[in-house]
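Dropping the structures in below, format is structure tokens.
You will see subunit A twice below: alongside subunit B first, and alongside subunit C after that.
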Partner chain A sequence: MLVNRKLILAHFWLAFAVFGIALTLGAWQMFIRSPIGTWLSNPELYYRSLTAHGTVMGYVFPTLVAMGFGYAISESALQQRLVGVRWAWAGFWLIVIGSVMAVIPIALGRASVLYTFYPPLIGNVFYYLGVVLVVVGSWIWVALMSINLRVWRKANPGAPVPLAMFANVAGSYLWAWTAVGAALELLLQIIPVAAGLKATIDAGLARVFFSWTLHAIVYFWLMPTYIAYYTIVPRAIGGRVYSDSMARISFILFLVVAMPIGMHHTFADPQVGAGFKFIHSAFTALVALPTLLTVFTICASVEIAARVRGGRGMFGWIRALPWDNPMMLALAFSFVMLGFGGAGGLINMSYQLDASIHNTQWITGHFHLIFGGAIVIMYFAIAYDLWPHLTGRELIDVRLMRTQLWLWFIGMIVTTFPWHWVGILGMPRRMAYFDFGDPAIAPQALSVTLSAIGGFVLLASGIMFIVILARGMRAPQTDAGPYRFALAVHEPKTVPVALNTHALWVALMIGLTLTNYGYPILNLALSSGTSVPAVYVGAQ
Partner chain B sequence: MSTRDLFTLRNSHFRIGVGITAAILTVTAIAGFIVLPFAQPWVQFAGVWDAICSAAGVPQRSANVTAPEQAKRLSEVVLTSNTLSRPSQEAIGRGATLAQRCAICHGPTGVSRADSPNLAGQYAAVIYKELHDFRSGARTNAVMSPFAVNLTDQEIADLSNYYAYLPRLPAYHPTPQLPKPNIVIYGAPMRGIAPCGSCHGSLDNKTGSPWLEGQSEAYMKAQLQAFASGERRNDISQQMRNIARAMTPQEIEAAAAYYASQPPDVVKAVD
Partner chain C sequence: MSAQDTHGSASAEVAARVERRWATIAVIIIVVMAGLAAFAGIHRATMPQPRVETIDPSRIHLSGEFVESNLGSVLEASGAVTVRAIGQQYSFTPACILVPADTPITLRATSADVVHGILIQGTNVNTMLVPGYISEQLMRFTRTGDYLMPCQEFCSFGHEGMWGKVKVIDKTEFANRAKGGGRLSCVGQ
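Coming up: the complex of A and B.
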């Protein structure tokens, strides 16, 4: 039951439009700092582009996808009209206004601070206010998801919450709490300086606040992808979810352990004690748990589908899978990229090994493979799956979809593998220019060139994606029927209260944040003499 | 079962969830705060509490280690992009009177004939910082230091405003303009050298960095060499020393010659 289709479509279209722009900027950046591009002689333009790319891809695009998908889940999984539609539109418009407000200073070169802000670098105050509006808009969504679930619970006391909605609300709570770190950094530290009320800033404390947001945000980006793994893919390929409980456990584990781990982003920072770094490193290792549970459950679910289709043998069933189904293809590609990305992540989260790749291109390669690869390819799949139900028109060109997904997969591998490699060789990240004539980095020219070519393959795939969706808006009308989610092998009749509500896990998430972040933040906030003069972008 | 029954020890999910989380936290805390600190044989701790404080990042000052004597003074000037941003006409006038004693080296119009820096139109924050550093001894020069040592804060501010107010004039001995060398526009990323132009003009200007167009080639070369040898050390956070140390002698030559050959009127005005 999808009633507010316009609302959902607006979120998706805005998400994919800004994604298209940011993707183009990304491809240009790959090109301009590779040996095949002629250097502009102005690094400022590069950082301007990088700030826009990161701000859109990090904050605006995934937030809009999660919101649009969240509204769709709320209506179709709960079978009830969305409560608070006006508020949802208000949230949407806040994101539109915030994005425009942030992009103007970026385009003028007044906010080239990258999406991670990097104080004491300080940009124009409207850039930060724009980001705040985007976050506030998304918090409206968080509240609406919680309210809609509550309304449904009242009407269905004691009934098991549909898995898709349970996971969706878990994702929204995770986002609500993890965004608090960046919000504190912006409101207490950066905006007063950007507005000219203060001239110094505690950069170390700001980095700790940002690490609060910076890692769990990745799991917020990941939530729609995991929801698609569990509740869309098995249905789309004709199978069933192997275990509903396993799915719920994975999502609550993300809620608990995604949060208190962000300090692995500050391993090289002197202002954080080694003991806290170790704890965060250990908890980061625990995040592998829900992912491994998911990989197991989904592989089992897929096997069910294959055996139903007549697949036999230990591995022979893999051939029986519907490989011409874009959803199957997207899942397989997503898992391969998740596997490689996760393996690379083991290096990043290890307190010792991290030192060898810290601040190198390895890191950029890593998060592009995980986010741009494993996560975003499932965003495409979600859009393909949901589109006929939103537009009432069929997406006919399945072949083009398959090509698009193949190109995205190949492009992402070609982009990120050499990227990791040059990182191991020591090539630093966040550099606008490399002199490949220098004997020290001349051997890396080939890898960087390959990487840039991959960037253009990705751009081609991104354009195809938007074309497919746009053509879908003009296809002949059909009735796609109600939107359904995958059923479990054993559909839950009753679910223990702990796996049907979020309270216990939200409490643990907040508790672990206090234990793992409380002292480092207080220590820095109460120490005097830790602030440095702000460096204003674009000011003499 | 209702939500009220969730947070009780009777609920096995509560017991297990909280129990496992607390156990993991305890084990990792013991490992991180006690076991690992003592596993480093090169660090000595007075006791367990000392190790815990160290691992927690408590700011500590060891009692038996005295801070090393600072052989040379470091710069204490704090600059922001608002430093001296709106001077009054009176301040500029007072600066003009004071500047008469600077003219012997820096020229009556702020353009030097003696390989001293040209000050006409230099950013106020730059002159302000250098005068403060000469006065405090963070920067020393046989000729300049005696002039600076008796200046008051007000006089330093007025002089800075006056010179910043003067129009930028061509160098006394203009040379043909040279093309931009790599070190100025690209830097040397693999040696950690940012482009000169990203702070000193050509690409961008950063607070506290002087523009260099039309300055004396001999002067700029001498300063880069002084930064490289550590003889000059009033750069905040060693930023110029780190750069100059990593530069090759050829790059020093090229950067100095390039900036000396540029007309100063291309410099971006302060907004």
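Coming up: the complex of A and C.
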């Protein structure tokens, strides 16, 4: 029962609108720094664009998708009207106001600090305040998800929480806690300096705070995708979830192990000692576990669908899958990109291998493949699947949907494979310009050109996506029926308390964060003489 | 027709067994990976810098290890080489680092203003320069020649122009040049 459709549609439309803008900026960046682009006489414009692209793609877009999807899950999985609708709208408007507030100084070139902030570079205070408002808006969503689940529990004592909602709430808690790192950095360190109340800042401590956010935020981006793998895909292709409890265990593992590992982002930093780097790198290995479990469960669920459709043989069942179904196509593409991206991730997480690609274009290639590829393609699939239920109108153009997904997949491969390669050659990231005339850099020219071409394929696919959804708003009306989630092969009648509640796991998440971050943060915060003068962007 | 026919306790047992097997494999993969990383770290000495060293960036030009006259490469009595460098918007000092081949080298560097990074292309030398802290990295070059050394972290509007160079020369030639004492670099050569 989707009652508050307007609320959900507002989140999705805003998400896809800002996505479209940021995607255009991304394609422009790729082009302008490639050999086929003309030299940008003012490199500063590149960094404005990069700050906008990163801030939107990293913070605004995925947060809005998670929120809109979360509200849809809450109403349809719990079959309960959303409690706190006014608060939900307040959260939405906070994000609108925050985004506008952040984008104005970016456009004026007053906040070209990139989405990672990295002090002592300091931009205009309104940029940071805007980001804070976006996060506060999303925290309202976290609270609402928790409240709605509690209301449902009261009405259904002891009943198993539907998997989609269980995962959704786990994701919201993960986000609430992982955002705390950047929030502390912004509120305690950066904003006082940006507002002119202080003139110095500890850059090393800021990087540690940011790493607290930077790792687990990627699992927050990933949550809607994983929820779709488990609870939408099997239903959409006519199968069942292989194992309900394995699904719950995977989401719990994300909650617990995604947090205490962020310092792998500081492998090359001087302000963290080797001991904590080692601890975080060991914990990082653990985070592969929920993904490995997911790959297994989803493949098994897909196989069930194929066998139900009459598929036979060791691998012959693959042919029996409904390949003309956009959900099936999106899942397959997502898994291929997850596979390549995951292999790249294993390289990043090992200290020794990371040294040769740290902060090179390999990293940008890697996260575009995983995030822009494996994750975002499932955001598309979620939108396609939900749209008829939100608009009451059918999405007729299934062929166009398939083309769009194909283009996104091809575009992503063409963009990111050469992008990885130039990273291995040592091409640094975040640069407005490269002198491809230099014989040492010339070998990278072809790869960068390929990436730029791939970028335009992605742009075309993104435009198609928005066109499909917009046309869906004017299609003939239908009754799509209630929105349903996949059933498990063995639907749980009862679930152990540990797999039905979050309290224990949230406590573990917080506890592990404190043990893995407490000492390094206190140590840096208490050591004197490490604060350095702020350098204001655009002040020259 | 639905997935009903996979129901039943026998199939549930099979499912649980397959699942357990996969979980075991997953755990083994992870333990092996973590073990390999630990082994390579200890055995091959490819470990991050062990200690955290701090420094006041507003005073580095005035006194101490990173004053201008102390920057560059120096041949230690032990035969090893120490390179000291700083990064600032938007250049490295020295802009061209001169080092010998086949020699253990310690790079010590810091930043005078914002966060920068040092990356030597074609090698795995790669470290952040965070103002207030000293980065130390061990390196060793087996091939003589020129290497590009870009700044790998955004450091404001001139970041794209912050490229240094490393020149690796023959060991004996380096020793000859080092005879006069002082700090070596290849700036202007």
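Just so we're on the same page, the second predicted complex is superposed on the first by the 540 of 540 C-alpha atoms of A that agree within 3 Å, B and C clash if a C-alpha of one lies under 4 Å from a C-alpha of the other, contacts with A are read in each partner's own complex, and residues count from 1 in each chain.
Heads up, the rule we're going with is that a residue touches a chain if its C-beta (ideal position, glycine included) is under 8 Å from a C-beta of that chain, and two chains touch if they have at least 3 such contacts.
Given the structure is predicted, the values throughout are model-derived calculations rather than measurements.
When both complexes are superposed on subunit A, subunit B and subunit C clash.
In the overlay built on the shared chain, the residue A:Pro428 is in contact with subunit B and with subunit C. By the document's definition of touching, neither partner reaches A:Gly339: not subunit B, not subunit C. In the superposed model, A:Pro120 makes contact with subunit C only, not with subunit B.
Within the superposed three-chain model, A:Gly392 lies out of touch with both subunit B and subunit C [touch as defined at top]. Contacts of A:Ser527 after superposition on the shared chain: both subunit B and subunit C are touched.
By the touch criterion defined above, A:Gly37 reaches neither subunit B nor subunit C. Of the two partner chains, subunit C is the only one touched by A:Ser243; subunit B is not. Once the two complexes are overlaid on the shared chain, A:Pro160 sits clear of subunit B and of subunit C alike. Number of subunit A residues touched is higher for C, counting subunit B against subunit C.
Shared-chain residue A:Ala199: touches subunit B; no touch with subunit C. The clashing stretch of subunit B relative to subunit C, chosen from 189-197, 207-215 or 261-269, is 189-197 in the chain A superposition. Contacts of subunit A with subunit B, set against its contacts with subunit C after fitting on chain A, overlap at residues 43-44, 271-274, 277-278, 282, 286, 428, 431, 433-434, 438, 440-441, 527, 533, 535. Against subunit C, in their complex, subunit A makes its touches with residues 43-44, 46-47, 112, 114, 118, 120-121, 202-204, 207, 239-240, 242-243, 246, 266-274, 277-278, 281-282, 285-286, 288-289, 292-293, 296-297, 300, 304, 308, 346, 350-352, 355-356, 358-360, 425-426, 428-434, 438, 440-441, 489-490, 527, 529-533, 535, 537. Contact residues on subunit C toward subunit A in their complex (touch as defined above): 1-3, 6-7, 11-12, 15, 18-19, 22-23, 26-27, 29-31, 33-34, 36-38, 40-41, 44, 46-54, 56-58, 89, 110, 113-115, 117, 119-136, 146, 148, 150-161.
The residues of subunit A lying in touch with subunit B in their complex are 39, 41-44, 196, 199, 256, 271-279, 282-283, 286, 428, 431, 433-435, 438, 440-441, 496-499, 501, 503-505, 507-508, 511-512, 515, 519-520, 523, 527, 533-536, 538-540.
Put simply, subunit B touches subunit A in their complex at residues 1-3, 5-7, 11, 13-14, 17-18, 21, 24-25, 28-29, 31-33, 36-37, 52, 54-59, 78-82, 123, 125, 180, 182, 185-190, 195, 198, 203-207, 268, 270-271.
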